[in-house]
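The data blocks that follow each hold one structure.
After this come two complexes, each holding chain A, first together with chain B and then together with chain C.
Coming up: the complex of A and B.
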């Protein structure tokens, strides 16, 4: 460890960057990113005259759309942190949708939530049994669970739902959660949003979208992200669990019961995916169980987790990005997605300046290059082709992954089987 | 420092929790902020009914073995597969058909699975075979060549072959009525259309709806959205996304929503109900559907596409050996499309709808299949 004076001497020898070449604290980075993105969106919505970019309706939509993806991603995170790749999230989610509908239509939405998590956990248990106890390849077991989830629910819904709903593909109507808002803040922010003043209305719209029209399941699920972070990174239990994903042999030699931790992690993973399925059934705006309704959201959750570098905060950002771009393209279509190009351009310019001040010329150049591409796209087109807009979230993820894949670090032993010698 | 931050978080959390108030589902605001439309006067009432009575010669075909290949969803989708099933049920009742094989497509299956399904039924001696949905186009093309003596009926798509009857519909004519209903019922002169998948078949729904609405109110504003692009059929099966798209259109000011989105309909009607808007059903009479019972109070009517009529007529024509006499297109003239006013919310409009119907039937008004943008 060098003393401060030594650092100063060293720095005088080089040209001194304006910012120290250390990463700021995670929460500082998180807040700066949020400020940067909201500012960019505010400017964009002012320039392009599209208030929908930061309207509370869009934000509410984004949260509703992000929720199942986020829960699946959180499930993937738990499993991978313990060293088990869980590609069966989709199947566990399907099990969750069926369980939630089955219990929900008889005993109400809270029963649906519990049953959804329980059915997902059953899928997780099966995955754990296959991968941990029997040493099956994680991908093979995951794919099998996806097929099984679809098949079992098809059978069960024909057996149990059809006599009631007269439709083998659909559950009877499931009672939904009511929505809640934080008042009087919601009303107050709504008035601010209505004024359509630059900046203020944008922030008010975003905040209002986050505190109004929330179901209890939404609030609970969002709390699960910091809770997962706390459990995994701030407790002895979490340290042991993560050690199974990094170096199970070392963990074993220190007395950690690797298989037990893996079981716990994969069952929790399944329960979270099942909760994501329940969110597709008992949240307001959803319609109960429908065959095939998950539509690949489990896989997108996995992508959001990789996007977030196997960390809860990043995963949350990734799923919100998916939810937001999806909300934009579903609500307003090509014009707002086109405006997003402008916002991305602004963010990249700021990033380029920041990196340049830190003398990281390579990154600065990359960001400037990206900004130039977006500027060209924005100036040369009036609207994105409508065939492209539904894939906006996927494209954004691809671009971000391509740019940041060098810095991604999965758990070292993820996907490997471990057999204890004992 | 960390402890301090943690302590700070507690009152904040408590504050937001105590301020948590349940939303009132009845407090729906700002629908109808625009002015009502200036409407064209409806066309003159039609001359007294000149109904075309079809000579119903009794047909009996107890030995006929009918194969039916459903699109994704199969019997029980409350939409057009169910209508095809209704056609088969009518054939059983009226023609005495007893041997029927019904098979369903699985979501995301390969084209070869469709070919195998059709071929399997042909090999087992089923004749005629009805394939429901445009997804079977290539399968029918291939299998109809292999079995020249088997009669095939293909719903929603065209294959030129001597033993294939293409059962296609003038959806734009049915959707025209949806447009007329919407323009009359909209309080803000602003309506919306949600399509399931961005394909020519669904463009016909949009085209008819837009022309119907504009025929009534030329200045009407119309929101349009397709849930998924061509090639991705999930838009027909995603109520969650249908819900968000509908909320978006309602937030933009639309207050009557028509759709062509299959099983996503439930989410669409849910959002319409939550936002104080009205909905118009498609294909079947959706007011009557048990799975939509919770939202039927906002369904003012439906644009009908009578797949049941087409399937029944096809089976009957095969029994008579007169498949060449089947209509080229099932449209208003032969009662292949239409509208329903179940629920009684548009009873006052029926003379208007009938007047437009007479104009379309007589050819004075043609409805284009291409949406204008």
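Coming up: the complex of A and C.
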């Protein structure tokens, strides 16, 4: 009998796939995915005559909606890299929205940003206290913090906001950041977008959406992604922090103060989630704090992090995906989300062909099957019920996780408690 | 004191005292009269239908908490109870309102439909967890959101809904499908399906202590590696535990639908799933402990209404509940460590002799 590895070697020798069975470099994969997705969307928007799919307006709101998800995801990344699962991101984000509104309506948006991060960090501190010092199960503590975050903000809003706003569920109007656009490049892209030519207008729309209406907080937050990557993967501090998430005992034996690093990571994680909450409040779009306004974005951020394989770049892609679907459902959701089925179908067909060329028949067949299901759904319906379309990002999260989860590698000791004396 | 009893009772007691103290400080800072506030919270129990309301709410919370606790036993976090009970509730109400059957059969069919739907809604995250490695916390939260959309869709007037004033609801379940209650005159009526909670509680105890499945469940929770070595199929355990949890979650809305509302409407109470998580943590997944936790939680919820009357924001109750949950888990852990240290010392002494 031959062992599995021998079988693999034999198979490889017998069949010669067109592409080598190795993963392409990350940037190659990233660029090909971007090209594939934009092409699919361009074709779809041409076929279905829905320019919203690639309009600059959609992209602009996609980035606005992706921002809180991205910040929450980054928060999750910091905590998990140090070995602490942070399900409490949602609660920390809620604390952030309240803090941002409270400081923002009195002292302006920058104060709101700082207070949002500070309130989130307080939530993080509580999570660190419970999980690191008291060894409570990380998920239990996170769930409790979500309950507590919602409760505390409700109480504080009744106490502090209601006398001013006359509504216990809402803050007074918070002053917003000014937004900046890169002109005249943006104007030129705008002209291109208006010509409605296949392909060119779509790319112009996407690019224009990315450089129009950016607030200082948006730019700052986007910079936090490469900054986190640099800190976590290119500095000694980052190496020590990640070692606590991979093998705390080994880290401890080398003199890393595991608990201190975990505290730092979880507090930063909370601050980032709070910043995500602040982004909801002080970026243009909403008037201020609103009860329930986070709407599960903390959890979606966590999903974006998992989708991104606990890496900043992948996490960013994940949050853009969720932000995009969220933005789309806001623009004639029933028909645009319906059109999205068509785009998904195109992507799946391309994937199936690619996998078939690599002789991965099983995966190719799965992709074709998925494409067939989407085709059926697309052909049998004219538009989706408007009651369901608001939940497109959630459904996409599920589908994407189902497709991507298997090849992931979380930090080895994530979610485990570590006690140096035990 | 019996050490086992101590480690079970001491932590919740510490947690409640700690939370009351914390909330007293919060109340004092926000300028309320602390003794009067706490007095009103306790005194409300004797008024009008409050005592019965507490029992009714506790019956519902109990079902929610058992649904969560079954998963907790094997470290499976079914955050999706929230979505499962809402989808099950509307399907049960649609089934109950759509057919006519003799009295006993009718509610039985509704119960089966609710359990089946709850389990079906839980099956998706179960399969994703077992076969795709998707963490159940994420998938169940997404399923909760999707459940909101599905219920809104099913309640559309052109699907199963019916417009009533400002509200949309399912068709009314005929009398043959409803379950009466135990009347206490002006004191209110206790839901007949309180018995359902009792049955579920007894069943849960039996499952844990008297069945092979219960043993495998606890073993999988305490040591997944030992369980796997002992021949327990982890994937099968995940799927069956989620299915049971979902089936019980399906029951949550029934005491209210069959005993009071006779329909499922857009305004049906949300949040029982999250209450269930808190109560399960409070009761430490123990059938008896959960009953105590459910009563405490229902008492706190009700006291919020009484606080409104004296001008204290009722959200102080939410803070108290959050503080209780967080401090109870910390207290359980602290007491566990104390016990462990005491045991070590004891063993040390025996060895030294």
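Keep this in mind: the second predicted complex is superposed on the first by the 405 of 422 C-alpha atoms of A that agree within 3 Å, B and C clash if a C-alpha of one lies under 4 Å from a C-alpha of the other, contacts with A are read in each partner's own complex, and residues count from 1 in each chain.
By definition in this document, a residue touches a chain if its C-beta (ideal position, glycine included) is under 8 Å from a C-beta of that chain, and two chains touch if they have at least 3 such contacts.
Note that the coordinates shown come from a computational prediction; the quantities given were computed from them, not determined experimentally.
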Which of chain B and chain C A:319 touches, first, second, both or neither: neither
Which of chain B and chain C A:57 touches, first, second, both or neither: first
Which of chain B and chain C A:332 touches, first, second, both or neither: first
Which superposed partner A:402 touches (first chain B, second chain C, both, neither): second
Partner chain in contact with A:130 - chain B first, chain C second, else both or neither: second
Partner chain in contact with A:299 - chain B first, chain C second, else both or neither: second
Chain B versus chain C as contact partner of A:390, first or second or both or neither: both
Doubly contacted chain A residues - partners chain C and chain B: 168, 296, 387, 390-391
Chain A residues touching chain B - in the complex, by the definition given at the top: 55, 57, 61, 64-65, 162, 165-170, 172-173, 178-185, 211-213, 280, 284-288, 290-293, 295-296, 326-327, 330-333, 386-387, 390-391
Touch list for chain C against partner chain A, complex: 26, 30, 75, 77, 79, 124, 128, 132-135, 137-139, 141-146, 148-150, 152-153, 156, 274, 277-278, 281, 313, 315-316, 318-319, 321-323, 325-326, 329-330, 333-334, 337
Chain C-touching residues of chain A, taken from the complex the two chains share: 87, 126, 130, 134-137, 139-141, 143-145, 147-148, 150-152, 154-155, 158-159, 168, 296, 299, 302-303, 306, 385, 387-391, 394-395, 397-398, 401-402, 405-406, 408
Interfacial residue positions of chain B with respect to chain A in the complex: 16, 19-23, 25, 72-78, 107, 198, 225-230, 232, 234, 237-241, 243-245, 247-249, 251-252, 263, 266-267, 270-271, 274, 290-291, 293-294
